[in-house]
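So, here's a batch of structures to check.
Two complexes are shown next, each including subunit A; its partner changes from subunit B in the first to subunit C in the second.
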Partner chain A sequence: MMSQTEMPGSNYNPAEMLICTAARLMTDNTTAFIGTGIPMLAASLAQKMHAPNLVTVFEFGGTGAILEELPTCVGGEATFHRAVAASGICDIVETAQRGFIEYGFLGGAQIDPYGNLNSTVIGDYYHPKVRLPGSGGGNDVGSHCWQTIAIMRHDRKRFVEQLDFITTPGFLDGPGARETAGLPPGTGPYRVVTNLALMGYHPESKRMILLATQPGFTVEQVLDFTGFELLLADQVEKNPSPTDEELRILRMEVDRDRLYI
Partner chain B sequence: MEVIQTGLGELIQPPDINGFREWNRQKPKGLVDKRKTEAEAVHRLINDGDYIGTELYGTVRCPMSLTNEIVRQGIKDLRIAGQGVFELDMLLAAGLVKALDITYIGLELYGVSNCLRREVESGRVEKVVDWSNAAIAWRFKATAMGVPFIPVRSMLGTDTMKYSAAKVVKCPFTGDPICLVPALVLDVGLIHVHRADKFGNAQIDGISGFAAELARASKRLILSTEEIVDTEVFRSQPDRTIIPYYLVDAVVEAPFGSHPGEMCYLYRRDEDQIREWVAASKEPETTQEYLEQYIYGVQDHSDYLELIGPDHLQGLRRD
Partner chain C sequence: MVNKEIPMQEAAAGVSSGCTLALGGMTLYRRPMEFVRALLNRFYSTGEPRDLTLLSFAAGLESDLLVGAGMVSRVRACYFGLEIFGLAPMFTYYANRGEIEIIEETEASLSLGLRAQIAGVGFMPSRGWLGTDLPALRPDVRTIIDPYSGEELIAFPAIRPDVAVIHAIQADVEGNADIGKNKSVDEELVLAADKVWLTVEQIIPELSRVNVIGPLVDGIVKAPGGALPSSCHPLYPMDGEIMLAYTEKVSDPASFDVFIQQWVG
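On to the complex of A and B.
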């Protein structure tokens, strides 16, 4: 699904790169709110690599699942397989609301320089050009988790200066805006992982900043694929390629049926 | 309380908490046999224009047998609280939806819903009001608590808030802005469970989504169940009851009632059938052909199971 920017000659595809980069951001013994798709694969890979005690939290009630079988939806049996608790959506989001969930992994159709996400409409709200699925749990994750990590495809249509609709809060319109709006202090976007790059946010301006490029891509290419002015870290790192071990586990254990990769 | 912001969205169903109390007062509390066919339950309990809600997560525990019956009977102008995948797609495909309180309607792994796009982009769904997932669940929870709203920290600062029917107020205790979501009282709730008795006591295995909240936020509640069991199952293990009988108006036996969705510990979802729907839903003509083949063209749920095929269904069972 991400073939348009596939790196020629590599032994892995962009989806695999994305999953490995996201998995490396997952920390052992932390709580992580896992959304549908790529985050599930990343969490499964992380558990099998460096984070066996990653506490996965799924919106509809699964807490602490061991991701042996890949979930195909946020409520499937795999989301509470050998879990420590199986509750419901109110319990899970209330757990996030009272500050128990460190990381939230999110997707979206569009992202802006402040990490706000759109998954609701393209075009005018009342006469949409494209009606997208809607917030789902996205807004809740972006409101309550301490640090959110967006996982996206990287192109100019998705990385835009102005969203058509802010579904999920990033830093809204800049420093202090979340707190002014009433969102919990100290929360907000942390990282953006794409097939081209890894980004963070400038500590003062809260605008997106390029931290590292994915293997095979240059800083210029990343800027060219971004529809807004992307800040640059003092030293932009180069992300390592997926290791043989990561690829083996991903292909042989995480997504055996190649549903996603 | 000082109101800081009022969402632009219309309140599709007003939070009539006193009316709900009166309704609950007159609701029969006797242990009566509520078993019905899906045709009877849907015909007697759902009317054109009703505000309905389905409880499920993704394709898990979808009340599909009941949804298919609504489509078969053509109950129209429905107002719906939408966190849905397969079942809301069917209602949209059949053109039965007039207004949506929406949080997520999509096909997860298979992308956006073609039916949602067609129905909303054409304006055939007349009203769409957006919320977060938890906001809708909390709206049910407010009704379940018997209060007109619940304060939450979701939606603040976003267009999700701006276009919803929520309000932001200055908290009278902390002084900080807080979002109030209004109680959502359903005319009819639909839930598919693992087992129920003939009176309506019900158990769900695994995660429970928002079943407890939705059941308690419904004026009329229709359960479909994989099996009907003896009341002793509940009396001997009352801590496992998620829905007590007095909330329930009809109990419909429906093995494989979530098909092509799944039922945890019992059967997997039917990936082939879902792919068939995803492909069919791309064009209006093929969408109607699908409805014709699997809904209009069959008499009832057992007829549908015959069409899908007993061997095929057996293959979906968990060991």
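On to the complex of A and C.
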């Protein structure tokens, strides 16, 4: 078994790798819906590295905040710091539905090959093994943002062929299904970032495809930790380790109190 | 000028069994915790109110306390948890056993449901929920054909809370109030609910900025520090130690009873 803790000989931990990988996906001058946890750290790192004009959107109403202080939660004071707008949830939901938010970062307890997510329940809905907190903004992000990026821990319990419950739509059951269901054409899952790998979706089949492995992990290990058949890109890349600069900013500026890392 | 100031006990006494109670704020921010404490005290001394439907956009500690006390039959929320502190233990306990009814919601169904109520119409159309397992859980949520585009949309029904309780930063005696910048859905709750009570950090003669208007408010209660242990920006941050103690100590009815006896009274 491989260790999911710190790699021998590396000078960073898995959370730091995850945050850096997510931050590198954040593009300057775009709007991004930021969920709680890792996406907040990634957005803060991205703003301090390559994306100073990243417009962060928090579901509780903060829009365009400069993330100097790390928010502990999506309604925390820091999500309004130097923000261009402090609206409320209703406005954010409607704005997302109108198509104003380009990237949506979200998570879930389970993901399937088409990028559908479950954050409602493990087991049968009416006889649950574990009741989870629920959709929150998950369904809204997955329905309305142009491109969604899921951030997950990678194991066979989370990467499953069949979800116990579809809370958040990915590509549903394959090509054209979102459009048939009435979701806006051109929207859908874009990337999955995990402690082991970076994945995308096959342009035709819409199934998840392995794009790159995280440092220290092999393609075989990633496949082994995935509970469904993962497609492989023609050339599976190797993600670079966090740079000294990324680690310095992450530790000295983004999460000084080490709440997450 | 109408002075709407009332004692906390009077506000707590106004919540009747079986009603839909909306609590303002969000997860761990600006929750009307002192009101919740008064409601718990009333319940422990009189057995009322019970059979509540709790409407909370993102339910947190305030809701978990009411669930743990056995006052809640139904939860209408899109999220029930304690964010960075983890699962809400008593909600999780009863939900895992199927012993609490959950009206499954998302941000779209709640916010558009409130907007419909505010606009005085029966529903608001949306593309939320399409393609997912959510509509199957909510046969009361129907679809509608957009008469202009022919598109089939989800018609989220109007939500009408009986009582909304909001914690404000400042208010005057008529109920004009400032709830700060972190507004959650409180402006909407004030417009949608039949009855509105404010708990408020400070009552002052005149406000320079108002986001809740007095005519919509039925009563105000002075409650400095009334959101603790949740936060009330910019006056105080959340008390993370209490949140942590709660999640560490409480996991079932017995451990809840120990905790709640220290917290109420």
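We adopt the following convention: the second predicted complex is superposed on the first by the 255 of 261 C-alpha atoms of A that agree within 3 Å, B and C clash if a C-alpha of one lies under 4 Å from a C-alpha of the other, contacts with A are read in each partner's own complex, and residues count from 1 in each chain.
We take it that contacts are C-beta pairs under 8 Å (C-beta built on N, C-alpha and C of every residue); 3 or more make two chains touch, one makes a residue touch a chain.
Not measured: the values here are computed from a predicted model.
After alignment on the shared subunit A, the placement of subunit B and subunit C results in a clash. Residue contacts after overlaying the shared chain place A:Asp140 against subunit B and subunit C alike. When both complexes are overlaid on chain A, the residue A:Met40 reaches neither subunit B nor subunit C. After overlaying the two complexes on the shared chain, residue contacts for A:Pro128 are found with subunit B and with subunit C alike. In the superposition on the C-alpha atoms of chain A, the part of subunit A touched by subunit B in one complex and by subunit C in the other spans residues 36-37, 59-62, 72-77, 80, 86-90, 93, 97, 116, 120, 125, 127-140, 143-144, 165-169, 172, 177-178, 181-184, 259. By the touch rule above, subunit A contacts subunit C in their complex via residues 36-37, 59-62, 72-77, 80, 86-90, 92-94, 97, 116, 120, 125-140, 143-144, 165-169, 172, 177-178, 181-184, 259. Residues 26-29, 57-58, 77-81, 83-84, 87-88, 91-92, 95-96, 98, 102, 104-108, 110-112, 114-115, 126-134, 137, 151-153, 181-188, 231, 233-234, 237 of subunit C are the ones touching subunit A in the complex. Taken in their complex, subunit B has these residues touching subunit A: 56-61, 82-83, 85, 102-106, 108-109, 112-113, 116-117, 120-121, 123, 128, 130-135, 137-138, 141, 152-160, 163, 168, 176-179, 206-213, 262, 264-265, 269.
Per the touch definition, subunit A reaches subunit B in the complex via residues 36-37, 58-62, 72-77, 79-80, 86-90, 93, 97, 116, 120, 125, 127-140, 143-144, 165-169, 172, 177-178, 180-184, 259-260.
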